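Chains: A, B, C and D, in written order; residue numbering restarts at 1 for each.
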Amino acid sequence: MAGFADKRQWGPTPRYDRVRAYEPKQKDFIVIAGPCSVESETQINYVANAVASAGATHLRGGLFRAGTYPNDNYGIVSQDLFKAFKYAAGVYQLKTVIEVLDAHSLDFVLPYADCLQVGCRQMQNYSLLTRLSRTNKTVFLKRSPGATIDEFLGSAEYLLKGGACTPVLIERGSATQATHVRWDLSISMIPAIKSISQIPVVVDAAHGTGRRDLVVPMTLAGVAAGAAGILVEVHPKPELSLSDADQAIDPNKFKELMFSVGQVRNAIRGI
Amino acid sequence: MAGFADKRQWGPTPRYDRVRAYEPKQKDFIVIAGPCSVESETQINYVANAVASAGATHLRGGLFRAGTYPNDNYGIVSQDLFKAFKYAAGVYQLKTVIEVLDAHSLDFVLPYADCLQVGCRQMQNYSLLTRLSRTNKTVFLKRSPGATIDEFLGSAEYLLKGGACTPVLIERGSATQATHVRWDLSISMIPAIKSISQIPVVVDAAHGTGRRDLVVPMTLAGVAAGAAGILVEVHPKPELSLSDADQAIDPNKFKELMFSVGQVRNAIRGI
Amino acid sequence: MAGFADKRQWGPTPRYDRVRAYEPKQKDFIVIAGPCSVESETQINYVANAVASAGATHLRGGLFRAGTYPNDNYGIVSQDLFKAFKYAAGVYQLKTVIEVLDAHSLDFVLPYADCLQVGCRQMQNYSLLTRLSRTNKTVFLKRSPGATIDEFLGSAEYLLKGGACTPVLIERGSATQATHVRWDLSISMIPAIKSISQIPVVVDAAHGTGRRDLVVPMTLAGVAAGAAGILVEVHPKPELSLSDADQAIDPNKFKELMFSVGQVRNAIRGI
Amino acid sequence: MAGFADKRQWGPTPRYDRVRAYEPKQKDFIVIAGPCSVESETQINYVANAVASAGATHLRGGLFRAGTYPNDNYGIVSQDLFKAFKYAAGVYQLKTVIEVLDAHSLDFVLPYADCLQVGCRQMQNYSLLTRLSRTNKTVFLKRSPGATIDEFLGSAEYLLKGGACTPVLIERGSATQATHVRWDLSISMIPAIKSISQIPVVVDAAHGTGRRDLVVPMTLAGVAAGAAGILVEVHPKPELSLSDADQAIDPNKFKELMFSVGQVRNAIRGI
């Protein structure tokens, strides 16, 4: 032996049987947009209207979220807001995407959710993934900031295990030494995953940078690299957002972004 | 402003109220030892005897474990093995430490567990932490390889929220660019946590390096840095271990390690 | 204070006076292409012809390179190859880019180099940067895999200190925990630098991934994020390349890439 | 193939011929101490006296240093201070350690330097390493915050190439996602290097954490892991230090540290 053992020999050999075999039923471009938190009926209606008219396909709203500290106060979760969210999405023909934190929140969320989202902190919550794999929902799975491609796809295998759900992966940035961003998007994760699986990968440049001024260029970078969709936080007045104010864009900026996304998608057509 | 915003301004302001105020009831040095997986009654008895006579205080056994891929086969989990594990620990006056993966496994595990362990993948499984915070058990919480000190202590806040459990933190290495180890122990995490909290921190050099030949020096490094305890994988014949064969040591090596740990603890007494 | 000090408070306060004030004289899109190593007169002529006809502006050739180990043998450095390189570039109206390792190689290289390149290992070789800052050349500076934006721009300040050279920055990937790439391109570095400086940033997806199959999508990602140019390794038969065989593309692939780059540049025009 | 290529297959195969074969002539424990910057004759005399009486073997002084930005002002470098430094070391029978930035500073420094130091930014400045490999000096080589063990030992190969100098490696921390330290000491680097080479490794907990309160526990951790020496910044009044005020300790603390270091060395004797 010349040098040292490599990182890859340490873990179990990856098994991507289901991940490799997976064939998506439809391949429409995914555009998930909406506020970080649903703050009121007026706000969610306004945003739903704006993002739908710009071409969004899914409405997000951060209704159930967990904070790093138990005292973090993310929005006011009420059944009324869930109903308002569901209603607004329906009016503008958007599919709803709601995060699930655990089995308990799943039961609560199911009536309002067309699609479910698993946050990065639960990426390896295998009980939850196994439970979700048996639902008939589209499940958006976020990569944990410290996860390798093997750990990410390993979790996708769990989602595919139950045979019922439709998995979509979301790249939302790595924890690195970088100081110019909160997390650093691993754009290369997108074509790397595409090289072995047809599971769609969505780019989330809002969480993946933490900087509003980088959302547009980094979303476009993800699309140019082959992303199957985008996730964008849109707020009527981003600077007044109750949470994640630093990374949301306003409806006008979103409309411009959607135009550029279309242009970039055309530019890489056929690659 | 001269340069860029810093990483810390992006997240919510840490709240360490409970973490700062916490006062442990007892401060005995913790020595968790045992096989990666309980393989048979004979094996666990042999190991329990060996580690107890060398000074261990807790017996671990990897009875419930999740693999990165759903096909990973970690040991054979049977009620008989749980009973054998509990019995062996009792004979040698060791406290049992059993990992819980979810609320369901908690119910199963409770009759056999003096202490519970939360693996790094569930470090931010807040539902599970909240549930555990209401048990009267000691709960060992492992740091996720990508987690910052704030995220780690944020999870400790969740453990303290319920007011019933006794939290202990385990440092088990970070995901970095290093290629000489599977994960790289952040030994500095130990004194850094000590500088703001009295929650004990245990060093796990087995998972924290992935290399058997580094277990002894890195365990001693952790102790010299002020660790409140150690976690070591001990197997009668490490090279025949059914899992994690690369990082377990044999009972003789463990006995030598325990002697050195005692020496190092004496060496830093009073610092 | 609630939590810990932040990373940024530890170092000296960044001074970007020159970096902020810098105004490039011309803003033509930069396309640096060529083999990892110049192997023969025939090879470099063939490549120069191919990349020029596809739209390249600069010819690279890895004539002076340092290996991680002193025994690494990178090409055969002879004055004849330098002449052949310079000649081939001249025939096809390409500017030559040659790496300098130290002051000594600078003297040797100057007659053949229209532009100079500083490799990532010399990013903080301040003596060399200071010396180069007094030449009338364009100097391409590669980011070190471990460098933050502050360290990168700090080195750019050194390049601007002498007042003579024209600086261009190259993003070529970070050392991270990722296992799917050799280094992981920090695409966000491109718009982040643009947000405070007009120094052009070029994306190098060959070194920045280490995977030939990712060169096209990651180059396009860099362009979509606002890169001022691209660096691509082109080899007549990449799999026969004497060095870095894993990351070069062939002339046909390069031609296709150039077409897509043009399309993506059009797509983001005006953003 | 089950998963992805590993990181290690991308680079050239490491060649550690000289690194593996190296046998140090003497194995005395190394204690490098002194101020971050020599500020005055009085200061350096005071510190030299203090550290020598506590057991230091080498005096450091940061006479030649480069800042990340060209405007950083590190001390006032004058020939008088070099003389005072050399004189102070001589009085207390300490060997001088002076950093060299480039070939030019080497000539200037040689009359005053018993030992030379290469900073982390020049770790892969192969011209400088090759030049130093032909001196009869002890050369202390610092690991770059982003360097893998292969890159570090590759540079050691360069130092051994000339056949004249005596190499010593210094571990001073990695750039990681950690926010609790400026850089995070990779303590595991010490036993990992020991597992293939007898080149001594010194632990530098001052730069390796950036926090004065972590210098003592992290230095002891390095010693417990098998470090062949320590590097400590000592200043009469650390909080008044002109540079790196956050990481120096005062002479009393250094004396206590030296006592504990001796205790820990005894504790691990024979391992």
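To be clear about the criterion, a contact is a pair of C-beta atoms (placed from the backbone, for glycine too) under 8 Å apart; a residue touches a chain by one contact, two chains touch by 3 or more.
All of these numbers come straight from a predicted model, not from anything done at the bench.
The chains that touch both subunit B and subunit C are A, D.
Taken over every residue number at the interface, the positions common to subunit C and subunit D amount to over half, indicating a same-residue contact. Chain centres here are means of the Cα atoms, and by that rule the chain farthest away from subunit A is D.
Separation between the centroids of subunit A and subunit C, computed from CA atoms only, is 33 Å. Among the residues of subunit A, those in touch with two or more other chains are 4, 6-8, 14-15, 145-146, 148-150, 174-177, 179-180, 192, 211.
Within the complex formed with subunit D, the subunit C residues making contact are 4-7, 10-12, 14-15, 17, 66-72, 101-104, 121-128, 130, 144-148, 150-151, 154, 157-158, 161, 174-175, 179-180, 182, 210, 246. Those residues of subunit C lying in contact with subunit B across their complex are 2-4, 6-9, 13-16, 145-146, 149-150, 175-177, 192. Taken in their complex, subunit B has these residues touching subunit D: 7-8, 146, 148-150, 174, 176-181, 184-192, 195, 209, 211, 213-214, 216-218, 220-226, 256, 260, 263-264, 266-268, 271.
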